[in-house]
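In the two complexes that follow, chain A is the common piece, with chain B as its partner first and chain C second.
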Partner chain A sequence: MKLSVLSGKGGTGKTLITVNLASVAEDSVYIDCDVEEPNAYLFFEPKSFKEDIVAVKSPRVDINLCSACKKCLEFCNFNALAYIKDKLLVFQELCHSCGACSILCPDKAITETDRPIGRVMVCQTSPKAPVSLYTGFLDPGEASGVPIINRLFDEAKNEADKDIFIDCPPGSSCLVMDSIKEADYCILVAEPTIFGVHNLAMVYDLVRLLKKPHGVVLNKCVEGENPVEAFCQDRGIKVLARIPFDKKLGEISSNAGIAAMEDKKYHEFFLSLLRIVKEELGCERATYPKR
Partner chain B sequence: MKIAIPVDENNMDTRVSVSYGRAPYFLIYDIESEKASFVENRAAVSRGGAGIIAAQLIADSKVQALLTPRLGQNAADVLSAADIKVYKARPTLAKDNIKAFIDGELSQLEEVHPGFHGGR
Partner chain C sequence: MKELLILSGKGGTGKTTIASAFIKLSQARAYADCDVDAPNLHLVAAWDTKPDREDYYGLPLAEIDKDLCIDCGICKDHCRFDAISDKDGYRVNPYACEGCGLCAYLCPAKAIRMEANLAGDMYLYLEDKASTDKVFSTAQLEIGQGTSGLLVSQVKKRMRQAASGVDLAIIDGSPGIGCPVIASLSGADMVLIVTEPSLSAISDMDRIVKTAKTFTDKLLVCINRYDTNIENSNKIRTYCSFHNLPLVGQIPFDPLAVKAINSGQTIVDIECSAGMAVRDLFTKTMEELYREAGK
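Coming up: the complex of A and B.
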């Protein structure tokens, strides 16, 4: 089972839920796709890991070979090239590493080289909770973490028979789309405010667009009206669980603790959430046989 | 000397466009011969990097100065490589800006914004 946890904004509780679910599941895999600010490793305290650089292809120009035909400029879909005063300028942050310029160049003036943009870490075991952790780090200033997320999924390929928990970046951008593309089920996390409804609507649209089975976890629930609850009711979205606004839960997380490991009540809570998701998945599999 | 201005319409009564990279046309004006021509900005509809192709277009038009209300960092890099000076245009008619430029009333554009790159 591959389960992605996402939300329309940061700080809703994605990592809280993913960390706790992965902890109560047996022999689980955790992929932290929030490569701009990964933090799951803080909870699992991995002791041993394997690290690797992630690089993307980047055009390198030998201007002595260039005959100024500008074919590369015309073809580049992202306008990452400019030819000014006998020089070919490359805008790295716009380049999507498609390689077309190097293939098209009749003068063989453009070749592709590796440009590092970050790294991935594969953490073998953790003493606190038996989880295999895959986490990526995008270098500051780099525009897109998509290659790092793809690499994380590549690295975790041989774990496909295990339960895989995917902690997504906030929002509904390309990074999130790549983080849920392999998911069998998506948990949408939402806060009980009008702003929370707006953020939920963004990820709700995304999971429907990608035809992903999904349910909502309401976090930080307090007494009284919850606009997110109404939103879910109106659209017939399944509410999987309601996490109370609990100071203790906040304190455990702030100290990099895992509530399900420290508190029996929360162990039960997340175990029950995991069961509900698995049941949902069973139903959904019957509804969507071909995916 | 030739100058370029991002404009809304392809006639001499046009206003300066509020956008640079997404302006529909560039007015290319030759100060000595007083001849004007309009270049369609193919960057206007591009998905990204509009500032860069617009700057390429301007550089290929062999102008020495650009009059624009605003400019992004990537475009500024291309224009600087092409030795094209950038002046701050006023939000009025293009011809008023041409006159102001000839009279030396326009100052060089100091502020460059980092661009609006998103949706990747």
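Coming up: the complex of A and C.
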């Protein structure tokens, strides 16, 4: 089973829910797709891991061969090339690594080299929970984490028979789309504010567009009116669980603790949420470990 | 015009809540929401007049004309974005295509054209259309589109053009450290980073500080909900002094803040402890912003 957790808005509790679900599942895999601001590794504190650099193709100009025809910079849709002071320059941060310039250069003056943009970390075990963690880090100043996300899924390919939990980045852009394209089920997390509703509506459109089965978890619920609850009711979206606002849960999470491993109540809670999701998916073959 | 940009790295730390309060306190006549992927500022800071809407076009995307396609596969072989599939004839996945145009260039049958790509909506609120009294620029990226620095730049450009004589602009940024954040950093005179006392937020703050520092040295930090974990708040304080970042405010956790937002108000519209702290934060931020300008 592949389960993606997304929210549109940041800070609603995606990582909290994914970390706890992965911790109560047996022998699970965790893919942290928020490569701009990864947090899951803080919770699992992996001790041993395999690390690898992620690089993209980057054009390099041999000035001796360049005849200044400027075909490359006329073609480049990303404005990553410029001709300044009789010299062809590459703006690496704007380059999308499409390879066009090196292919169409009539002088063969442009070749491609590998340029690191970040790294991936694969951790087979975590001392805090039975989870294999796949996480990536985009280098500060780099524009796009898409190659790192793709690499994470590549690395996790041979884990396909396990339960895979995918923690998505905020928003509903192509990064999120990449993170949910292989999901069998999507959990949408929302907090009870008008911001929460607005951003939930966007990811709701996204999962419908991709025809993914989905349900909502309401986080930080307090007494009184919940605008998200009303939104779900209006559209007939299944509410899988409600997590009440709880100082203790907040404290555990703010210290990167795993509530399901520290508190019996939360262990039961996330186990039950996992069961509900599996029932929704109709896969009851799985068994669940005792704590 | 002085531009104050509000960022956080981690989402949900309170960027928009603080931006909306600042807009109220400064009576800002120019502001923008650069979180084009999940905009929220309009929910608390827009007003009744209908905004001017304009289409936002991303880069044109490839489209294959099946009648002309000779199934040679050259396009698929060269596409670096895995955007072309050959199931039931060659086709382009518009969500994967980044619009480089290489396939159209290489296609021997001229079967590929680059087609216009409507990728979002831009909105410009003007209080009085005749004058430039007050301007709010925002946008909404279509779902599944590439994270767009270009749209962020457009949002800021529209604000600047409409608000030429304004002296202060407040800009609500997006979470993360990637393309939209980098685009929002260009031209910012001061960046206020909103963090919270969790280990996740501290890790994210470190990454946004590193990112922002490659563009500007004018960084300030404030801690939201500082009293929910005093120990971690102390860690933030240590971090700030180590990195020479002015800590300009601490806002307590306040359930009334959520109530204010849900009724479309800012937290300085109501009597509450968070609102009081934000007033203080605002004063200190403005002092820092105008210090070097001597204004």
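Note that in this section the second predicted complex is superposed on the first by the 280 of 291 C-alpha atoms of A that agree within 3 Å, B and C clash if a C-alpha of one lies under 4 Å from a C-alpha of the other, contacts with A are read in each partner's own complex, and residues count from 1 in each chain.
Convention: a contact is a pair of C-beta atoms (placed from the backbone, for glycine too) under 8 Å apart; a residue touches a chain by one contact, two chains touch by 3 or more.
All figures in this text were calculated on a predicted structure; none of them were measured in a lab.
In the overlay built on the shared chain, the residue A:177 is in contact with chain C alone; chain B does not reach it.
Shared-chain residue A:20: touches no atom of chain B or chain C.
After overlaying the two complexes on the shared chain, residue contacts for A:93 are found with chain B and with chain C alike. With both complexes superposed, C is the one of chain B and chain C in contact with more chain A residues. Of the two partner chains placed by the overlay, only chain C lies in contact with A:10; chain B stays clear of it. Using the contact criterion defined above for the overlaid structures, shared-chain residue A:80 touches chain B, although it does not reach chain C.
By the touch criterion defined above, A:135 reaches neither chain B nor chain C. By the document's definition of touching, of the two partners only chain C reaches A:192; chain B does not.
By the touch criterion defined above, A:28 reaches neither chain B nor chain C.
In the superposition on chain A, A:37 makes contact with chain C only, not with chain B. Comparing which residues of chain A touch chain B with which touch chain C, the overlap comprises 77-78, 93, 143-144, 173-174. Residue ranges on chain C touching chain A, taken from their complex, read 9-13, 16, 37-38, 40, 43, 59, 78, 80-81, 95-96, 98-102, 105-106, 141, 143-149, 174-179, 182, 196-200, 203-204, 207-208, 210-211, 214, 228-229, 232, 255, 258, 261-262, 264. Chain A contributes residues 8-12, 15, 34, 36-37, 39, 42, 57, 75, 77-78, 93, 96-100, 103-104, 138, 140-145, 169-177, 191-195, 198-199, 202-203, 205-206, 209, 222, 225, 227, 247, 250-251, 253-256 to its touches with chain C in the complex.
Taken in their complex, chain A has these residues touching chain B: 73, 76-85, 87, 89, 91, 93-94, 143-144, 146, 173-174. By the touch criterion given at the top, residues 43, 46-50, 52-53, 55-56, 59, 74, 77-78, 81-83, 117, 119-120 of chain B touch chain A in their complex.
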